[in-house]
Amino acid sequence: MIIVMEENATDDQIVAVVDRLVQLGFDIHRSTGARYTILGAVGSRLADLRALELLEGVNKVVRVSSPYKLAARAFRPEGTRIQVQDLTIGQGCCVVMAGPGTIESRAQLESIAEALASRKVRVLTGNVTRISSDPFGFQGLGEEGLRILREVADAHGMATLSEISDASQLPLFERYVDLIRVGGRQMKNFALLKELSRQSKPVILTRGESSTIEETLISADYLMCGGNHQVIVCESGIRTFETYTRLTLDLAAPAVVGKLSHLPIVADPSQACGRRDKVSSLARAALAAGVDGLLLEVHHDPDRALCDGAQSLSIAQFHSLMDRLERIAAAVEKAL
Amino acid sequence: MIIVMEENATDDQIVAVVDRLVQLGFDIHRSTGARYTILGAVGSRLADLRALELLEGVNKVVRVSSPYKLAARAFRPEGTRIQVQDLTIGQGCCVVMAGPGTIESRAQLESIAEALASRKVRVLTGNVTRISSDPFGFQGLGEEGLRILREVADAHGMATLSEISDASQLPLFERYVDLIRVGGRQMKNFALLKELSRQSKPVILTRGESSTIEETLISADYLMCGGNHQVIVCESGIRTFETYTRLTLDLAAPAVVGKLSHLPIVADPSQACGRRDKVSSLARAALAAGVDGLLLEVHHDPDRALCDGAQSLSIAQFHSLMDRLERIAAAVEKAL
Amino acid sequence: MIIVMEENATDDQIVAVVDRLVQLGFDIHRSTGARYTILGAVGSRLADLRALELLEGVNKVVRVSSPYKLAARAFRPEGTRIQVQDLTIGQGCCVVMAGPGTIESRAQLESIAEALASRKVRVLTGNVTRISSDPFGFQGLGEEGLRILREVADAHGMATLSEISDASQLPLFERYVDLIRVGGRQMKNFALLKELSRQSKPVILTRGESSTIEETLISADYLMCGGNHQVIVCESGIRTFETYTRLTLDLAAPAVVGKLSHLPIVADPSQACGRRDKVSSLARAALAAGVDGLLLEVHHDPDRALCDGAQSLSIAQFHSLMDRLERIAAAVEKAL
Amino acid sequence: MIIVMEENATDDQIVAVVDRLVQLGFDIHRSTGARYTILGAVGSRLADLRALELLEGVNKVVRVSSPYKLAARAFRPEGTRIQVQDLTIGQGCCVVMAGPGTIESRAQLESIAEALASRKVRVLTGNVTRISSDPFGFQGLGEEGLRILREVADAHGMATLSEISDASQLPLFERYVDLIRVGGRQMKNFALLKELSRQSKPVILTRGESSTIEETLISADYLMCGGNHQVIVCESGIRTFETYTRLTLDLAAPAVVGKLSHLPIVADPSQACGRRDKVSSLARAALAAGVDGLLLEVHHDPDRALCDGAQSLSIAQFHSLMDRLERIAAAVEKAL
């Protein structure tokens, strides 16, 4: 941590800041320049930078060390690969994970899974608790939904992925789900992250819609602090002034996360744009930008979906997108 | 709901849209203009506007009715007053609610409460679960903290206010807390809101940092759907490109909420700016803008606070602020 | 325009609104529903929606017609092609336009142009007025720069593109420049747009960093109102809370602009990310998302560039990117 | 400037960075810690931080010195007072500056000025070039408008304030206008700022709608670099996700600008909210927050204003607001 004093800071002020830092357990290196005094502070604790900035005579406080450690590239320079069944995520391929937004029935999921399996999709997705602003609408199938997900996936040799909405669901998720997703709204639910850091399934951490990449990696660190290092970052769009699409997919994220962190990164174009007619171009762009996976909402009858039909691809649209993704994957040398 | 068709929509397209709406249970009124055909759709269900906009030939879909009902001004034109003990919120006064960000010990809370009581503050605040990005820092006192809050408040004839972080805490909150706060990060945690709608304590609903006022009122509606209409809206800042302060307090919110809704609105300048040296001017501004209450973080030794000391007023700063608020309250004819 | 009255609007209020609309020259269609009265207003003038919303008893005012006309897809459903010399933009190809951020000298531009020409780049770009926050830094070569641009481009059979910073530069631009770019900061400089609408060169209109796509198309309309319909939209990033990159490139924009408008759209990944190490993945993504062109900043010695070197590709990086773009272009069936 | 190297940076990388900095003219102080090497660089030139961050082995580059100098508090710790006729801005008072958004006619301005003068408003405002997205609407009176402004103001002993839209208008503004306003859209029009820095009238610099306070002060620096130090900062709202109001007035800005800079700050609630029914509460809040002045749009017949009527107070609303402001001014000990 570096504390830059004001140009006109008095010696008393400087001494007071040094005292405060020593109290907080930091070792101090004082460097007196022609115009500024700069204090370097080294220690193991996280200090509240804002509190230090309020001390008299302080101009600016700058964190030198990264605010995340376990998620940082330096922690594992060669990169992390996540193993799900016989599938590897984070390794020269782009894993397609697809399914309905919310599981409605066994028949629904079977129709969809069949189409997905025909294109060699290896991860079947589907949520079972609906997070909706309508208190009287469809609320999801709960455990029954997870059981259906598991059985349909098994029938096709697929892994399962579902979004957890509450720590109390964890035992169920451990039984039925291979990849546990944390939604963007929960990205800073640190109590949930802590619970998840102690179990052994890989976790997909979705960037919150008004969060930065750094904040996302801080949450990833939290998720890893209990020993589970199987974390995948998911870019699913950030809120901007643009309203035509639900959110704006940040396609610099794959390259930025790849530089700052060793974790794989996947993209969710369906959630990002919220409109099925824009999913295809975003999915192609994400693949070309270098993501390690794509999450796609697919529905066999989107106009009659109980929820989020607007952002679900029809089976025909899914096939057409897969054709295009296959050509791009070959061009960018990623296995699909 | 109004569906505006494209200028060049074909009759087949129009008929298909009408059919779809009828299927969804809407009554339709078709109005054919010189350039556009416009469909009016009346029904009781919420439709997914985005899904309708994707139908062929549709240009735009506009919701006519308000997306919230119970929270709307029309539901109770005379305005809502919340009763807490013998205190009324939402009625020509500005209720100051103050205390430490997080309760650290009985001694701490007693020191602070004494100073507050000397200025006739009637609501004592303090959190017991710390929501922090540091997995190894102070995590709050939990139930012990609530018990301290209750006892210290009772000793001074004050009501209690604390932030709930999880539905599982509800029984404890019902026992110890008079005003239950929902933090901004939980504003769209609909499962929690639904739980809270079924209990009887008043709830302070904090606007999320990237939420609009309309979205806040939709959450308020959710909170009221179980029968508890004792809801207070809290403006505690929204995220903007400005980084000097943590968030930007939206001081048009009191007037806007007052027009759109019958619910009282309070402001939290401490959380909004995150720096104690800017709290005073925002608190004064909020009072002049017409809020029904102010939430203030106060600490007897902010430099040694276990958390969020940077945004806590010292006792001396609190007294000085109260002096200034008293003068402004008189000028704007609000009882403090 | 549709005016939705409040549920409890009185008849006097409705009549007053009708009178006001008639005064403003609108024809009115009144539709009295069970709960709401809705007024349809048809007329040729643009009305101030906010002013109408302030009338007593009005709940909401909704514009039915598009706020832009000439730029709307309906105006030219088959799409617009822009002709520059023998080059066509907006027609199954992705035109690469490249050069230094700012022209520094003839030698500089010649070095760069040679590399570009070797990859069949057909449009040479370079600015001559530097827009910088440093009042004492390099300010650009002005007319001398335009002359160099023209001559170097001619030597390689390339077209020229430069950004105009002021209407007074127009005569110079008409002499030397084939494609006139309007920067994002000038997107709402309506006086400049009006001047440009009266000349005959094609214009590249850059979306402002906090503008929506709709606002961009409104500016495009302005640019076309004088008769020059040769307009290209440029997505060059929007401001978000993310700070690692300068801006966030919105790669839903190609699909959205393609639906709403007949105008071609190009992307500028260099300006969007502001860091050369992220330009390549964004450029690939933009191509896969379907843009009609790419603007790339390339410098023969970026570490010694007088400005914006950080976002300029080196010659080697440019070649490597072109290799990758060529493969993706083949996969998405676009001529590069 | 401080350059923090990566933990695993090699010595060759460190030497390369040092060499680059020396080349750029910096003096270097190298500090080798247990984990990081940190380089302090002192020099007179502005370096491109992003370019340095791209060097191999660099983790982070932090600017130590303020990016603005002349506008910084340290430059004139006692604060700046601006003299306009016999009026002082920035000195324990809150100067009300009011008038129509755009001057429409002499009769209009006289009606309004009379009402303003009756409340001792000392600065008459009015624009003469309309910046509008409607190419066919009213465009402002130009020089004729400035002449009317001057004459009507003189008749009431008022000073004049108008917004300049182009450097070419400067001679006219020097003749007729006492306070020249730069609008938010022009805040980064550095060419215009440079022109204005060479003339002698005080300038009101409006913060851009997506600009930070720091960026505003950088523009203020630009405005002062030619010798004119008579600059007033104007907070007129920043763009946020909230859409009910046009922009969100940042009322931490008075306290923040007061700490960072010696320049006076005024607020423009009319432009910020864009709706006359919300202007009053924002104006009161701004006064309580400590602004040195208020800009108010007032119209004798807002429903018939040629433009921006929605955000203009009627004469009756203006009187009512002044009554309330007078009481608050007394409470906060500011002369109105």
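Letters A, B, C and D mark the chains in the order given here, with residues in each chain numbered from 1 onward.
Here is the rule we go by: contacts are C-beta pairs under 8 Å (C-beta built on N, C-alpha and C of every residue); 3 or more make two chains touch, one makes a residue touch a chain.
All values reported here derive from a predicted model rather than from experimental measurement.
Asker: From the centre of subunit C, which chain's CA centre is farthest?
Answerer: Result for max centroid distance from subunit C is chain B.
Asker: Could you see whether A-B or B-C has the larger number of C-beta contact pairs?
Answerer: A-B
Asker: Round to the nearest whole Å and give the separation of the Cα centres of subunit A and subunit C.
Answerer: Each chain's C-alpha centroid was found; their separation is 31 Å.
Asker: With chain centres taken as the means of their Cα atoms, state the distance from subunit A to subunit B in Å.
Answerer: 27
Asker: Averaging only over C-alpha atoms, locate the centres of subunit B and subunit C and give their separation in whole Å.
Answerer: 39
Asker: Give the residues of subunit C touching no fewer than two other chains, as numbers and ranges.
Answerer: Each of 210, 239, 241, 277 in subunit C touches at least two other chains.
Asker: Okay, in this complex, where on subunit C does subunit D touch?
Answerer: 20, 46, 48, 50-51, 53-54, 67, 129, 131-135, 137, 165-166, 168, 185, 188-191, 194, 209-210, 218-219, 221-222, 225, 239, 274-277, 302-303, 307-311
Asker: What part of subunit B is in contact with subunit C in the complex they form?
Answerer: 2, 4, 6-8, 29, 31, 33-36, 38, 40, 42, 59-60, 62, 64-66, 74, 239, 241
Asker: Quick check: in the complex, which residue numbers of subunit D touch subunit B?
Answerer: Listed in rising order, the residues are 210-214, 238, 240-245, 248-252, 254-256, 259-260, 272-273, 277-278, 280-282, 284-290, 324, 327-328, 330-332.
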